[in-house]
Each structure stands twice: as structure tokens, then as C-alpha cells.
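Two complexes, one shared chain (chain A), two partners (chain B, chain C).
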Partner chain A sequence: MNGRPRETKFAFSAAFAFLGVSTLGFLLLSKADEVAVTGFPRAAVYAAAGASAWACLAFAVGLRLRHEGWLRSARRGIVVAWTLMLFTTICLLIALLSDWYHIEYVWRTSTPDQPVHYKLSALWGGMSGSMLFWNAILTSCAALMVWRSRREEDRLTDYALGVMSVVMLFYAALSAGIVPGISNPFQLLNADVLARIEADLAAGASTRGLGMNPLLQTPLMMIHPPNLYGGFVICTAPFAYAVGSMLQGSGSTLWLARSRRWTIAAWLFLTLGNLLGGAWAYNELGWGGYWGWDPVENAALLPWLMITAFLHSVMIQERRNMLKIWNIALISLTFLLVLFGTMLVRCGLLTSVHAFGESSELLAYFGSFLALSTIAVVWLIARRWRQLRSVNRFDSLLSKEAAFLFNNWIFVISAAVVLAGTIFPIISEAYYTYVRGIPDRKIAVSEPYYNAFIVPLGLILLALTGIGPMISWKKATGSNLRRNFLWPTAAGLVAALACVAPFAMIGSSSPDGFPLLKTIYSLLCVFASVFVLGTVALEYWKGVRIRLRRGSPNLFSALFQLTNQNRRRYGGYIVHIGVALFYIGALGSNGFQLSERVKLAPGETYQIAGYQLKYAGEPFQKRGQNVVFHGVPIEVSKNGSGPIAELEPSRGQYDASETATYEASTLRRLSGDLYIALGGINEEGKADMQVYYNPLAWVVLWAVPVVMIIGGAVCLAERIKYRPAKGAEE
Partner chain B sequence: MERKWIKFVLAGTLLTAAAVVLSVVAFNSPGANLIRFTPDQLLADQDGASAGVQVDGWVAEGTEQYDIDRQELRFQVRDAERTAYIDVVYREGLKPDSFKEGQGVVVSGHYNRASNTIEASKLMTKCPSKYEAADGGYAESEGAADGGYAESEGAAKQVEEPLSSESSP
Partner chain C sequence: MKRIAFAAALTAVMVVGAAEESGQLTPIQKTALKKASQSVLCSCGCPPTILNDCICDEARAFRDVMTEQAREGMTGEQIAAAYIEKYGEQYRPAPAKKGFDLLLWILPAVLFAAATAFLCIFLMSQKEREEETAAKQPQDEYRERIEKELKERRTV
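Coming up: the complex of A and B.
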């Protein structure tokens, strides 16, 4: 009676069969003619765009007429687009691995002697490849939505898929190369250029292909971009459900249940993407830090701030059916900020202002889609305004609702501040040009602005991380507050007091001394972190005690059962542990970082943070697969004892690159990282180095991502039950 | 009912006001806001330049001097038309990744008009030029950017992750 499961299964089987056969065919045909065969994937991108366009149209007609036949066809269109994008991606990977330098993209991002894993990661090492990769993820999300809704009629998902298909069309058209600035990944290299490369090779040029940027040839760049792109793209799914729900007009909270896993997945990938990006900067850029408030970093942070706010405020809608408009606004802003960030980065809007004219078409394309999406969302909210108004009201400032509201307020304000800082050059240029009549003047803001703002806000947020989960709904009573917060507060106070003396000592021993404000912030940070850890520990303890009384054999099984039975809640607690750890690590590695410029001649020594560094021996040269490292051996010893490690800070000269890159060398210890970047070596062998001591850097770079993965995975494994919230008009 | 709302609105207003004050303070904290110039604009500008400036230009060819003994980097930053040149001294940190002659850079620091020198506190390189290949604005670096194959249109401007690599003190 319901043909939907069978039809969906058939569509997916056909898709996989097509993928297998076409990939095999592609490989076989490429033996005959590797230039002509690239016509297939090149055409497949156009076909995918066509399939997305068809899906848009068919969803529009099918949803309007409530006609199942059109909707079925539209869902098939999505599956077709997904299959073709996947096929193209596989072909590009094959092309990269097979060194087909007649394809422009391969020539730009790879060289024959580039290690295999970096040939593969060249998929996202350049503009058009990463756009294809983006499309592959986006269409996979849509296909997964089709698959998950196969069992029964699911009108909401059909509406959401309609929204997805519009976004798919937008990005697929980019990959197809309709806008100058991004080209089809299978565009062939211009014949003249090809001829000149051949001539150069004949004349003895060492290598063909421009090769991937050396800065990207690092293991972290193999996992950071997929995470970040994954996060960006998956944000589309909850947005599609929000808009789909408004289009459908049922006014139910079903969209929250349907989009929950997507939201958590997007959040997890964004979190990891940002953390791993920081780790990449730390390891690769040689300036001893992991976050510099660069526009690109900000562009990745903004959607994270919004989706994290959304993640929290949906709980209020689920429980009390409030903040409906707010939630739609938050997830819409997440999507719009992804689009905006992509525009900033892809169109070179910020750092290379001179490229304005160059990418104006791309800018116009992104800008108009951004504007249209914004108008559409605003219009839809206005249309559904009456349906979306809240029935319930806020009762007390001392309640979970209020805590969540403050949390949201901080996230949104932070996002506004970061956004304002990021686009300040553009705003101020407009101001000077149009208001003051001074052309070409703009103002840039830098780290001190962000730090001065984000530190106090971040500390309030951290405190709320502890308060929010424990405080009661509606109105907290004195006994609720005492029961949940007395011990954690005490623990936090003890920890902060214990830190007063050491912080004062470190402050007085540092050359410039510590400003009072910094000491206060540091102590508050210790207090709040321990407070948060305390609330989580107390909550676990209460749960475990009950389990043990009810017959759990031991502590571990009690912990496991507890987490397993309420995955969303305890997954969230684990994430909160990660948040507290992040603050502790950031306090150490930012607040207490030591950084010294050091010059050493062979044989000389230097003292830092209890370590003795000795320039032991001569400068060295080492050959890697496609790189030569020029460095110096530095022997590290703890004061008084023998050598404990040898560090080899160096600069890497890649064959296909003109400039050398930093290859910082790090001694990782529990207390902190000793990090040495080499600036240069002169003829006498004297080395110019920047030496950093980053206390607890590993907490931010390694421990936090791991905890976040665990917490996020537990949340993802939640058993989602949909029950309409109280007061819903259904 | 209505009273409770007022409480929330008041709290929200107060907090937002606090945020605005904080952001103004943050904006005015030392080194937080810098006027951005191109080298020719800075030379032409008669006022305001003694404060912090940020200069957006290119490392002039043949001017890079990295003195390991004195641990300082000297170069000139030029505009696109190669008409204006400003001396830069950078001692605060190592030179950033992919710094080289002809490379786009953003120099932040204090400008001394008498000696036409910027005492740089921060130096950033723009996207490695290979990635900006074949793009009009940058192409005047004689295609060196592109290994000499500068005309190929299309896949230009791959402004991916390392939009800028930084070097902060």
C-alpha cells in the first residue's frame, strides 16, 4: 500500500550500481585516452546541476499540488545529483593519483613527487576541487535525508528537501563553472600553457605541476578541512528543516526532532574543524599560537557561535514551547553566516581588497543568493508570525529559561562583535567615503579589540555552562540552588584561592609584570572552570549513587548505564567538561605563555621555563620526499640533569615552492609545550629563533577535541522521541 | 504577567548597554584599531599617521635584508604602481611564512614620517602568491607568481585556508 520504502531502496541500489559501473568504465576508458575520458566527469557536474534544478522544480510543483508522483521524481532528482557528484569526486581523486597534468586543477595542486596522501588531500587543496568536495558533502546530506524518510510519508522532510535542492543548485552551478572565478574541476589546461610546460620540461625544469601549497602539506590539513566543510555544509540541513517547517505551516515542533541529529553533527564538525584549524596554525605557521582573530578564522567561528546558541535554545522550545521565532532566526543566521563566511573567503573580499574587481561576478553571485535567502526567511517569519508567537511566558530571572536566554544573548552578542570586527574595514571605508567624503580610508581592528571583549564575555558564558544544566525550570528555589551549587562553588573558590599565590609569583617574575585585570581574569577563569567541572561531577555523582543503590554492580557500570539511558543529557555534560578544559588550556597557553627571541651560536646555551637549551653541533640538512629541511640541533635538558630531548627546528624548502616554511619543533610535556621556531641561520652558523613555552597547550590541542568527539558522539546516539511540547497548537 | 516581562526587558537592555560600552572600550584599547593605508596613501596623508597604521602593499623587490645578528628584518613596502616606497623594520617576531619579495603583505605598527619608516609590531603575509596566480591585481609580479604560466584563466584565486599566515609577537 505504501510504495515509498521499495522505491527509495530501488533508487539507492541503482545509484550504487551506477557508481560502480561508471567508475570502472572511467578507469578502463582512461587507458585508451586519458584526455577524452575527462569529458565524462566534466559533463557529470553539469548533469548534477541539472538534476538539482529538476528537483527544485519538481518539489515546487509536487508540494503545491500535493502530488506524490512529482515528489517521488524530485527525490529521485536528489539521488541522481548525489550520485553524479560522488562520481565526479571519485574521478578527480583518480586524476590526482594518476598525475593527469592535462587537467588544470591537477596541475595546480599536485606534483608527481608529492606524497600519495597529499595527492589525495589536494582534493580540497584548491578552489574548484574544494567546491566539488563541498558539493559531494551537501548532496550526501540531502541523499541521507531522502534515505531516512523512506519508511513513511514525511511531508516536512519533503519541504526540507525542497530547500536543500535550492541550495544544491546554487553550489552545483558554481562547480559547473557558470560564474567566472570558480571553474569546473575537470577543465583542461590551456594548450599554449601545456606547450610551454613541455618546453620547460625539455629544457630541464625539475618538476611538472605547481604543487599544493607547502603549508597545506601536513597531516592536520588532511583532517581539518573535511571537518570544517562538513560542519559548514551540514548546517544547511537544520536550516532546511526550519524553513521547510515554515513553508509547510503546521506550526509544530516536529522540525526540531527531525533536525536534531543534523544540528549536533554540524556542531561537532564545526567544533573539530575550528580546533584542528588551530592545531594546524600552531604546528605549521611558527608563531606559537593557535588563534589570531584572522578574518578566515572568524568566518569559521561565527556559524559556530550561532549554532551553539541554537543547540541550547531549542531545549526551551521543546520543553516550554517558547522562543520559536528566535530559534528559526538563530538557525537561519547560522546558514546565512556560513554563506557570508564562504563569500568573504572565496571572493577574497577582505584580505585582498584589490581582488574586488577580479571576483566581482562571484561576489555578485554569492551576494544575491545571500540577499535572496535573507529576504525569503524574513518574509516567511512575517507570514507565520501569529503561529510562531509564544504561548508561555518567562517567569523568573532565576530559572533555566533565563540562564539559557543569557547564554544565547552572549553567543549572539559575541557573534555581532566578531562580525563587526571582521567587516570593520568595509564598514569604515563606506563611512569615510560616503559620510565624511574621505576616499580610500579604512580602519582595521586587531587582536586587542577581540580579546578585550571576548574574555569577560567568555567568563560569564563559562559560569553559565555550570549554572544552566542544573538550575530548575520556571523558578529556582533556594533549596535547589543550595543543593546544586554549594559544593561546586566551594570547590571553585578553593581552587581560585590556591592559585592566588602562584599567579602572583609568576606575575611578579615576568618582565612586564601582570596587569591587575589579567590576574583577576585568570583567577575568575580558574574559579569558573572548576565550578563547571564540579557541577558536572556532582550531577554524575547523584546519578551514580542512585544506580548503585538500585543494584548496579560497580561504579563503571553505573556510569555507563547513566550515560546510556539519557544520552543527550550526559553527552551534553561531557561536552561541558570539554568546554571547561578548553578554558583551562587556553588560560595556560595564552595567559601564561612565555615567548623569547633567542640567538644562539653553536655550543651556546639558553634558559627558559626551567629548561636549558643547548645548540649542540652544526646546522643540518635533511631530505624529505619533496622537501629539504635546513635546521639546527637543539639539546634540551631539565636544569641539573642530563639531556632529555633533542629538538630540530628547521625551515622546509619545498621543491615546487620559492619560499621556505617553518617546521617548528616541539617538546610536549604534561606541564606544557616547549616550542622552537627557527628564523634563519647565518654563515657562521648562528641561529635566530623564537622560543615559546606554552603551558597546557596539549589540553586545547588534543584533550579538548577528544572529549568533544566523545560527548558529541554520545549526543548523536540519542534516541529521539518526538512529543509535541505543551501548549503547542496542534 | 506583564511585570515579569519588564524585568527581562530591563535585564536585556542593561546587558546590551554593557556590551556596547565594553565594545567601545575594546575598540579603543591600545593597538586595537589601526588606520589602513596603501603606501601611496600613507605618503600623501598629512594627518593621523603618527598613530598606529596598517599598510597594505607588496614587499619591494631587492629590498629584503634579514640580519640574524641583530635579529631584525628590513624591507620596503611598495604600492601596486611602484611609485611609493616605505621602509619597514620588524623585530617583534620571525618573518612570517611565505614572506618574500613581491609578496603581498600587511604591516602594522608606528609610522615615523621624518625617516619614512614603519616600526612594525605585526607582519602578515597575504595568501601565498601561487594561490593568487593569474589574477589581474597581482599578476604584475610578472607571472613569477605562477611559475610563468600566468594567463591561464579560470581556476584563479584559490583563497583557501592559509589566507594569511601570521606572525605575532
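Coming up: the complex of A and C.
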């Protein structure tokens, strides 16, 4: 028995004690001098970067020499870096809540009248604060890895922690403000600017601080960025285990077991981050949709596509010891795409609502790390090529392995399509500027391109979502296919046939018509969604029936027992239900959306999707805590009955911002959303609005995230047992 | 028959006239406007947003101009072309399928084909290996059987 558990416990106890004492000390000292006290957290970020650097060095030496003393020191280095990053984050939250405007970050992202919850979310509302938050999550992941491996001498986790410490050092240097283009979150405001602000205040200026971007002052921004950042950052852990395994050179599949929960957590956070981002866009941007193929949205989608492919292909390695190189490539690509996405957002490479700003130094820094990481991964794969070659082989095209391989194939092509669309404007601009000598010829890549490729690929993927879980390993027989797919296929066909007439009717009544391809895609989407739901229902029914025969008291108890017994499998099925629901919701809200520009004078009415809208009354002004809403009252009635709701679309004018936000007003019903965004009131006194009817939008925005959380949580609760795969050299 | 056709034409003229007089567009003009505003991007500086979906002040002003163009009888394509000519290529929602920009449209298809070919080659190589193994397998089985029978004879 070595001293690891005791030492680790001591390190963590000391870390918590330090956090408590230092935070208390910081608060007490701030009463005396709130300017001078910011020197502590400012220095703490440098110290955290130093601790990360130490951990890198100590892991390198310790693993090379197989010296336990160095390894213990390295692990302590990780705990120290984590403690310091947490301390700095807490200090920044205190600074934001206490309105310390001498700190540049606080001045940029907060105002005294900003609601408290938005002062808290200002932590990730700006460049350096969000980077600090990123570091806090990353170091927390590393600390958790240290804690979880305290009981045994876990060499693989040591290697993985070595990789983590390199990534920690990379990001900690950014937070410390060492790299130009991003400042230390505790950098003080320039004396000249401070003097100008004081002068403005003395002259009667109403507020202090620029305040957070109004678009970010929304409840969804409290949860969307933490989820997305969480997903991005947690992807580092499975990548670290994959690289650690190659560095260790054991060729074992242990890294899959070790990284399993991290992978699911990263996937769940990325999924929620993307879905909540869609909900934010829907509520805040006023264009009636939730996905606009914005470059930064794409940057968040790319790692999701890769990690989802990895989650599937990893099952083949666990079960059949195949696709070892492929799995390492997939998780490495996930990490590299996270880096790429971060580079896009932080360096202002592309125009986006989410971008932070432009910096060529930052671009060089990120680009270098991205290139080095890529070279390192390729070199390691080449070095371990023989060891990573598959032992087993595919037996048939009609097998689970082949279905998962096709699934991976679609995911990777989809990612390539999205990546090409995202970076093509840069490539095109460079070509026209440097090759053709035509400067400033820019292009945009938007919906038509993505829809042309992603829709058919997505439909194939949906069909595979139903096929993959049900088809047999090795080789499916005719009876297996009949048993598992007959009823779901029949259900899908019936549903698709039932939709032919309604779709044709909607198409004929629509002013733009309903193109043939769109009709075919819509019918295929209905078929595949119902097919997936059918396969899951069938699988549940089989299990439940057996449980009931074996004495389960009722259906719910049988369902619970079934799910509890194999959480990974049934959690996956729940996620597949979420996927099918997503497609149904997306079909409704995108395929059948009605959108009209409506100009109404007071008292005038307009009809859309069976609703009658009446501009009832006069324009109003409502004062919020730091915002004034200028809107119009719209009375909604349906089928000639009395008013069923009053919507108040408005534009928000924030005290500390010149640009106005679009505050759409939505009537949510089970069949769809009536969504009204106010553009303005014209010279004739008419309210100029864009009115949308989005069928089943709630399914995508609310139902799918809930289902995904349930499915993801069940998968996370899986009992992970490490079992070497057949044919593995352990 | 002539009377019916005349009445229909008259009704159509009256409907168009009434719609124009009241400032509203005819269904054809409305379709042209929608087609045009759905095939260009707004230039307000926000991320690429289809003009039809954008409600910013600039987008509304552009759409007012387009409404006038539709009323003048321009088709959706003509209105969109005029917009692109005036404001630039970057306001096309997707690059034109010509010149260097054609590459973007070809690339996914090439990728798809290459990935499919790779997948087929990979699966075929697996199949060959499988056949090789299968060819060897019976011999091993026969050898085992012969050895077993010989062993039995010897013991007898």
C-alpha cells in the first residue's frame, strides 16, 4: 500500500482550507484597499500557470524515470493550479458583485444597475473572464482525475494528467495575460480612462461601466455558456487518456474505461450547450429560428459530431477490439476541433455574433498549439501503429459493427461539410486576394449550402439510429432482421403514408408551393423518426415483457428495473428517443414554418395559421432594472373566439448600450409557437413586425433537452467495469 | 365561353388594381418579393441572416425597396440580382456555383465519394481476409479430425 490516498486527501484538505482562508482574507483586505487587494488574484493566475508548468515538468521526469516522488509532486502541482484558479474565479465574482470598476474587466462587462444574476454571468460575458472560467473548469477536471485515481497507482491516469497539465499550461498562460490579445482578468483600468469616467460622472453621467452586451442579458445566458464551455473543456479528459495510453504504450483498452464517464459528460454538456444556444437565439435574436449556421455555432457543432461518432465506434473496440486507431483519431479530432473552435471565437477569424475580437498574436498562439498538437497525435499514432492495428475483422455488412461504421462515416462527412462551409469564406478571400488580385471579395456560406448536404446526410444518420442498436453483432440473419425491424418499418411506413395527404394539402395552400424534394425529405423524416421510435419501443417492450413474466409488480417497476439493470444501453435508447424527437421538431419548425412581414395600425387585424392578431391599444414603454422596453400590445384570438392571449413584442433599449435588442413575444401551444418580433413603428404609426408560426418548435427547444438530460444522466450512472476485449493483448 | 374568359380577366384586373391601390401586392408580386428576400442576406453586420428573416432597420428598409421593385413588375430573380449587384457577392447566401467558389459545392461530393471508396476497399479487404481464413479453416478441422481418429485407432 503506497501513501497516495493519504497524500491526496491531505492535498485536497489543504486546498479547501487555503480557499476558505484566502477568500476570507481577500474580503477583509478589500475593505481597507480594494485596488491593492486585486494584486492577489492577479498574481494567483501567474502562480497557477507556474504550477501547471511545474506539473508538466514533474510528470515528464516522473514518468520517464518512473519515480514516484516526482509523480506525487506533479499531482500536487495540479491541485495547486486548481486551487489558485478557483480562488481567482471567486475573487472575480466578488469584484463583479461589488462593482469594482477600477478593474477593466468589471468596467467592460457590468454596470451598477445590472441585475445581480447578470453580474454573476458577466464572469463568462467577456474575453478574459470567460477564459478564467474555462481554466477553472479545466483545472477542476484535472483535480477530479487526481482525486479519482488516489486509491491505486494508476500509471495511465498519470500519463493522462501529464497531457492535461500541458493543456492547462496553454490556457493558464492566456488567463495570466502573458499572450498579447487577452488580458489578465484583474488588469486595472487605464488611469486616463478612469479619470475620464470620473469626469463624466461628475458631469452627471448616469452610469459607470460599459455593461454586458444586452444580447447576453437573458436567463438562458446563465446556463448556455457554462454548458458549452463544460462540454468543450471536458473533451480534454478523454483526449488526455487516449494520448496517455499511446505514450504509455501498453496497447490496452483501459483508457476507454477510464475515459468513459468523461466522454459521456462532455457529450451531454455539448448537446445541452448547443440546444440551449438554439433556445437563446430563438428568444433573443428575433428571426424566428434557432440555428443559423453561424461560424461559431458550427464551431460548437463540429466537436459534437466527432464525439458522438466516437461514442458509437468505441463500442466496437470494447466488444471486438477493432477500430483502435480510428477511435484515437476521433477523440483527437474532437479535441483539435475544440481548439479550432476556440481559435475562431477568440481570434476573430470570422464574423459572428459570438466572436470576442481580433488578435493576430492570439491567432499565432492558438495556431501554433493546434499545429503542435496535431503533429504530436499523428506522430504517436504512427509510432504505435502496429500495436493499434485491429485483431478482429468485420464479418458481414449486415452487422452492428458495419452499422456503426456507416454511422461514423456519415458523422465524419457531415463534420467535413460543416468545416468546409465554415472556413471556405477565408479560403475564398485568400484566393481572390492573393491569386486573382481581387481584394475585399468576400463570400458568405449560409443555409442553402448546409441544407443541401446536411439534410440528406442527417436522414441517413437517423435511419442508422434505428438500425444500429437492434442489428446483431458479427452477422445479422434474416430472422434477426425480421424480428427487430418488421414492426418499426411498418409503423414508419404507415406514418409516412398518413402524412402524404396533409403535406400535399399544405404544399398546395402555401404561396411558394412545396417543392418535390422537400416533400420527399419530409416524408423520409417522418418514416425514419417513427422507425427509430418503433425500434426503441420494441426493445423496451421485449425487456418489459420478460420482467413482467418474472414477477415485476407493474409496468413502471419493470421499466425502472430494466433501465437500472443496463443503464448504458437503455440510457442510449432514451437519447435516441431525443434524437427522433429532434428531427420531428425540426421538420415542423423548419419545414412548415410560416413567416410574414406584417404592418398593423392600431385597431387593424391580421390572420395567420388560424390566429387573428389585433393591434389593440397604443404603443407602450416599460421600465426594467436597466432597460426600457418599447413595444406594442397584440391581442390574439383563434377561430373567431374571444382573445386568448395578449402578446407584447418590443425592442429593449439598455441604459449602457446604444443598440436595441429584439424582444420577441411568443404564444406557446402544443401544435406550435406563434412568434412575433417587432422591427419598429414606422412614420405612419404602424407596427412593423415579423410574424412566425413555428409548428412543434417547443419539441426542439424544450422537450429534446429534457430527454437528453435524462438519457445522458442514465448513461453517466453506468456501472463501468473494465473487461479486456476479445483478442486484446492486455 | 368568351364571356367567362372576359369576366375572369376583368376580375383579375380589378383585383390587381384594388391591391395596388391599397398598397398591397398581388400574389405574384408577393411571391417575387418573398423569393428575392429569401435568396439574399442582410447587410446589417449580424451573422449571415437571410434578409427575409432579419428584422433590423436596414433589412426592413431593403425590403421596402424590394417591395417597390416587385410592384414595378420585377421578378424575384431580377430583384435578387439587382441587390447582389449593388451590395456585393458576400450578400449571396451561398457562393455561386461557378469559378473557384464551385469548389465548395464539389468538395462534399468528392469527400463523399472518397469516403465511400475507402469504406468499400476497407470492407473488401476484410472480406478477403475472411475468405483466406475460411479457406484455411476446413483443412485445420480435417487435420484435427484425422489426428483424433488416428489417436483413437492407436488406443484400440
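Just so it is clear, the second predicted complex is superposed on the first by the 704 of 730 C-alpha atoms of A that agree within 3 Å, B and C clash if a C-alpha of one lies under 4 Å from a C-alpha of the other, contacts with A are read in each partner's own complex, and residues count from 1 in each chain.
Note that in this section a residue touches a chain if its C-beta (ideal position, glycine included) is under 8 Å from a C-beta of that chain, and two chains touch if they have at least 3 such contacts.
Note that the structure is a prediction, hence the values are computed from the model and not measured.
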{"item": "Fit or clash between chain C and chain B when superposed on chain A", "value": "clash"}
{"item": "Partner chain(s) touched by A:99 [first = chain B, second = chain C, both, neither]", "value": "neither"}
{"item": "Partner chain in contact with A:448 - chain B first, chain C second, else both or neither", "value": "both"}
{"item": "First (chain B), second (chain C), both or neither touched by A:181", "value": "first"}
{"item": "Touching partner for A:34 - first (chain B), second (chain C), both, neither", "value": "neither"}
{"item": "Touched chain A residues, chain B compared with chain C", "value": "B"}
{"item": "Which of chain B and chain C A:277 touches, first, second, both or neither", "value": "first"}
{"item": "Touched partner set for A:292, first chain B, second chain C, both or neither", "value": "both"}
{"item": "Which of chain B and chain C A:113 touches, first, second, both or neither", "value": "neither"}
{"item": "Which of chain B and chain C A:431 touches, first, second, both or neither", "value": "second"}
{"item": "Contact residues common to both interfaces of chain A (with chain B and with chain C)", "value": "285-287, 289, 292, 294-295, 351-353, 393-395, 397, 402, 405-406, 409, 413, 417, 420, 424, 441-449, 452-453, 595, 597, 662, 677, 679-680, 688-690"}
{"item": "Chain A residues within the chain B interface of the complex", "value": "104-105, 108, 124-128, 130, 177, 180-183, 187, 189-190, 192-193, 196-197, 200, 210, 213, 215-216, 221, 224-225, 277, 280-281, 284-287, 289, 292, 294-296, 345-348, 351-355, 357-359, 393-397, 402, 405-406, 409, 413, 417, 420, 424-425, 440-453, 456-457, 595, 597, 599, 657-659, 661-662, 677, 679-682, 686-690"}
{"item": "Residues of chain A touching chain C in the complex", "value": "285-289, 292-295, 351-353, 393-395, 397, 402, 405-406, 409, 412-413, 416-417, 420-421, 424, 428, 431-432, 436, 441-449, 452-453, 511-512, 595, 597, 662, 677-680, 688-690"}
{"item": "Chain C residues touching chain A - in the complex, by the definition given at the top", "value": "27, 30-31, 34-35, 41, 45-50, 52-57, 59-60, 63, 88-95, 100-101, 103-105, 107-108, 111-112, 115-116, 119, 123, 126-127, 129-130"}
{"item": "Residue numbers on chain B that touch chain A, as the complex places them", "value": "1, 4-5, 7-8, 11-12, 15-16, 19, 22-23, 25-27, 29-38, 41, 54, 56, 66, 68-69, 71, 80, 91, 93-100, 103-104, 106, 108, 122, 126-128, 130-133, 135-138, 146-149, 151-169"}
